[in-house]
């Protein structure tokens, strides 16, 4: 940050003065620059989101608009009081969140920290851990099915016949954890990469200084690196929360969008897009939205603070 | 209403008469072909399968149509699950002119929403080739026809003849529940799976529920239950699950890991004795080898309550509809008229893929042994139901019953609470 | 060497010892991470191995049976049956314009928000980033209905629905937020003086963006490009619900179809999966270096 404007030139331009710089063409350009993306974003994200919130208070098959009937809170009551699978799904999403928060994300961070120190073979490691992230979920599903299906690798390793094979995706004792491992397989690499990018920006002199001062590695990480990474930490935290709430693709790929392992994202889809679409699905979507808005607000709050600085 | 859908009684006399009138049907068909307009321009056809055998069959149909009328047909295939999950959007958006679908509530729902084309006039032309029961199954809630049947298949106990002979069992002698349990015990003693089962798709096990309910409580109760006139919390439904639980020790442990084809593999590879499923998978056996196909056999599910004997069977009908939002409704109608006419049926049969057509014109003397047995199983029944997910509201079958059965497999001891929740979810459904 | 004071020598020896201990520890860590790395790759390697064998062999002898037949025959058959060129082309038609537009729009907004101070700047940033984090299912039904309505208004139902354009637009609308966020964080690290001198020179807003700012954004644009390419390439939700014609869908959706089709031959499916994975793997390995260095993600230096 050593480049400073020469003292002779006015470095601060007052708002009024700056505004005068805008020609008509500039105003047009600015309007264009901001306008097109904003219209697109509001039109395809925020407007539909509000529409869905409205629909969640109605009965509708999702087909003819004239059939929409006001239902009040009926869809929500149905979900909260009559649908045990909702609570099961909430439980799975909570496990997902806990697992990511306590295990997957810290592992990704730790990995990034070690790889950033350029330990032996770090280039290979970086690629190896990132590999699953670039694979599509469909491919991921196929790959894991290879390992875990009744006549797959793991059951083969355990020497189990098809008739007595462990049901990794069907048995409640295993399925949540199998999906957790599969999800972590991608998540860890993703977090590692984000964190690595952040670490590259942290002044390495800082860290070296700390090491020379006799701080242990753990101390260096905790007292020097981690605080310096605050903005990235927030992003990683938000991504962790959002990903575990929004989880959909992997479970959809494995279970084909029906039952199996209930999670909120799939419940929304099953109720809103299937053959028997109903606005119960919209209510599910709104619940999902309410759950994710909390971290979004926390995250934006952080952004605000930074802009104030 | 539901009575009308699921409850069409199979008139055995009609069925037999139809068989006898085979030759006549063909004669009628040729006459019809003579006056077909056949100039409706390019048509698109949506298949809800990507499997090998049905694809060959449908392409045979489409090619014959093109050859006859000169109308070009675009053939779009979608994997069955994806097609079903997306059907509502498909029909509202830019569907193919005609598409492959199922009879019963699943057709009537979309007809009532105005997404299907009334094809009563097609029925006026080809209706005499079908029994009354098929016409009822093709009729919407408004009394008009929206569907042309292609084929039917019974749900029953399938097994491999050679395998049973080796063990010394004769499943054709199994008439009642006790004999069936004895056979399962025998299979288990041999280290085999008694009954191959699957429910990963969330619908496979519905077939087992249907038959158990019909056997224990009878056809009328089953229909009333699915129509919401009886309660899921009824002790009679609990009885169904009590019987179902007796089957569990003889099933494979990974029911929720397998889709129907996974369970079929167990039978194919001789790891399981019986397989409760629709007979359509005979084509998959034939894909493997003629030998495998010839080894396949079906018997009706055993009697449980002597009051009802073996009087009911799930025999879903597959067929075709015309989509209102398609770009060429007339063309769609023309194509499915051809498909429903004996000429189109013959084109499908000529592909060599086994099919039990709904059309009376199919010469039943050309049935192979397995098909004749399917017919025999079907003829024993007095009442025909479609299938749970075709006989009840779509917003109940898929999102509610499917997951409920799956959680029952996870914890069979929770029958009571699962049934309570099924009933409360039915009660919470929006009025239709 | 000779003139080193004893204390200093002692000190450096101490440090050396410590360094030595650190080295041992590092080696240990390296081995540990290495073992995990191998475990990480194993599922892919196993699938690759399976894809080289016929399924019949596995069914006959189990997964660990020694291979009697190894080769690329599954690949040949998969390519033959998958209509690969068609599906790859579908993917390209969606991914390339979508990534381009995301980067363009993201950089435009980031540019305006960080270079000009308007009252609504923070609100803009808020809007876009929050929008990016909303669940896709929340907007699905209205978007579907809107696409159909717009299509009817234009006179062609396939204008947005069942068309690559519709899928591109929804991707752009959603992912723009992330791009805006990353690029605006990056732009904050570009000294304001550069912009100011450009404005003093009387450069128009348009020139300011294209000739001054855009060239400086190359590193984050490259990494965002890779990230967005993998995300959009891998998405199947939108293609599933907004397209009805199967042979217009991108390759990831096609894989779902193949899963149904190849259900009796898992090893063929493995070959299909490996082929579908290839493009993103290539993109990643080619652009690996730029990837990490471009993503500073708003970490403020020092």
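Each chain gets a letter, A, B and C, in the order it is written, and its residues are counted from 1.
Convention: contacts are C-beta pairs under 8 Å (C-beta built on N, C-alpha and C of every residue); 3 or more make two chains touch, one makes a residue touch a chain.
Only a predicted model underlies this, so the values are computations on that prediction, with no experimental measurement involved.
Novice: Along touching chains only, what is the step distance from chain A to chain C?
Specialist: 1
Novice: Would you mind checking which chain's C-alpha centre is most distant from the centre of chain C?
Specialist: Most distant chain from chain C: B.
Novice: Determine the centre-to-centre distance between chain A and chain C, using the mean Cα coordinates as centres, and give it in whole Å.
Specialist: Comparing mean C-alpha positions, chain C is 13 Å from chain A.
Novice: So, what's the distance in Å between the C-alpha centres of chain C and chain B?
Specialist: 43
Novice: Please compute the C-alpha centroid of chain A, do the same for chain B, then give the distance between them in whole Å.
Specialist: Here the centre of chain B sits 41 Å away from the centre of chain A.
Novice: Residues touching two or more other chains, restricted to chain A: which are they?
Specialist: 62, 149, 269, 273 - these are the residues of chain A that touch more than one other chain.
Novice: Indicate the residues of chain B shared as contacts by at least two other chains.
Specialist: Expected reply: 81, 85-86, 89, 92, 259, 269.
Novice: Among the residues of chain C, which ones contact at least 2 other chains?
Specialist: 59, 241, 253, 256, 259
Novice: Which stretch or stretches of chain C touch chain A in the complex?
Specialist: 15, 22, 25-27, 29-30, 33-34, 37-38, 40-41, 43-44, 46-47, 50, 58-59, 62-64, 105-106, 108-109, 111-112, 116-117, 122, 124-131, 133-143, 145-146, 169-170, 172-174, 176-177, 185, 191, 193, 196, 199-200, 204-206, 209, 223, 230, 233-234, 236-237, 241, 251-253, 255-256, 259, 266, 269-270, 272-273, 276-277, 280-281, 283-285, 288, 291-302
Novice: Can you name the residues of chain A that touch chain B in the complex?
Specialist: Chain A residues touching chain B: 59, 61-64, 69, 71, 74, 77-78, 81-85, 88, 149-150, 161-172, 255-260, 262, 269-271, 273-278, 280.
Novice: Taking the touch rule as given, give the residues of chain A at its contact with chain C in the complex, in rising order.
Specialist: The touching residues are 1, 3-5, 9, 11, 13, 15, 18, 21-23, 25-26, 29-30, 33-34, 36-38, 40-49, 51-52, 55, 62, 65, 111, 114-115, 117, 119-121, 124-139, 141-147, 149, 151-153, 156, 185, 189, 193-194, 196-198, 200-203, 206, 212, 217, 228-229, 231-232, 235, 238, 242, 245-246, 248-249, 252-253, 265, 268-269, 272-273, 281-282, 285-286, 288-289, 292, 295-296, 299-300, 303-304, 306-307.
Novice: Contact residues on chain C for chain B in the complex?
Specialist: 59, 144, 148, 157-158, 161-162, 240-241, 244-247, 253, 256-257, 259-261, 263-264
Novice: What does chain B use to touch chain C in their complex?
Specialist: 50-52, 76-82, 85-86, 89-90, 92-95, 259, 261, 265, 269, 284, 287, 325
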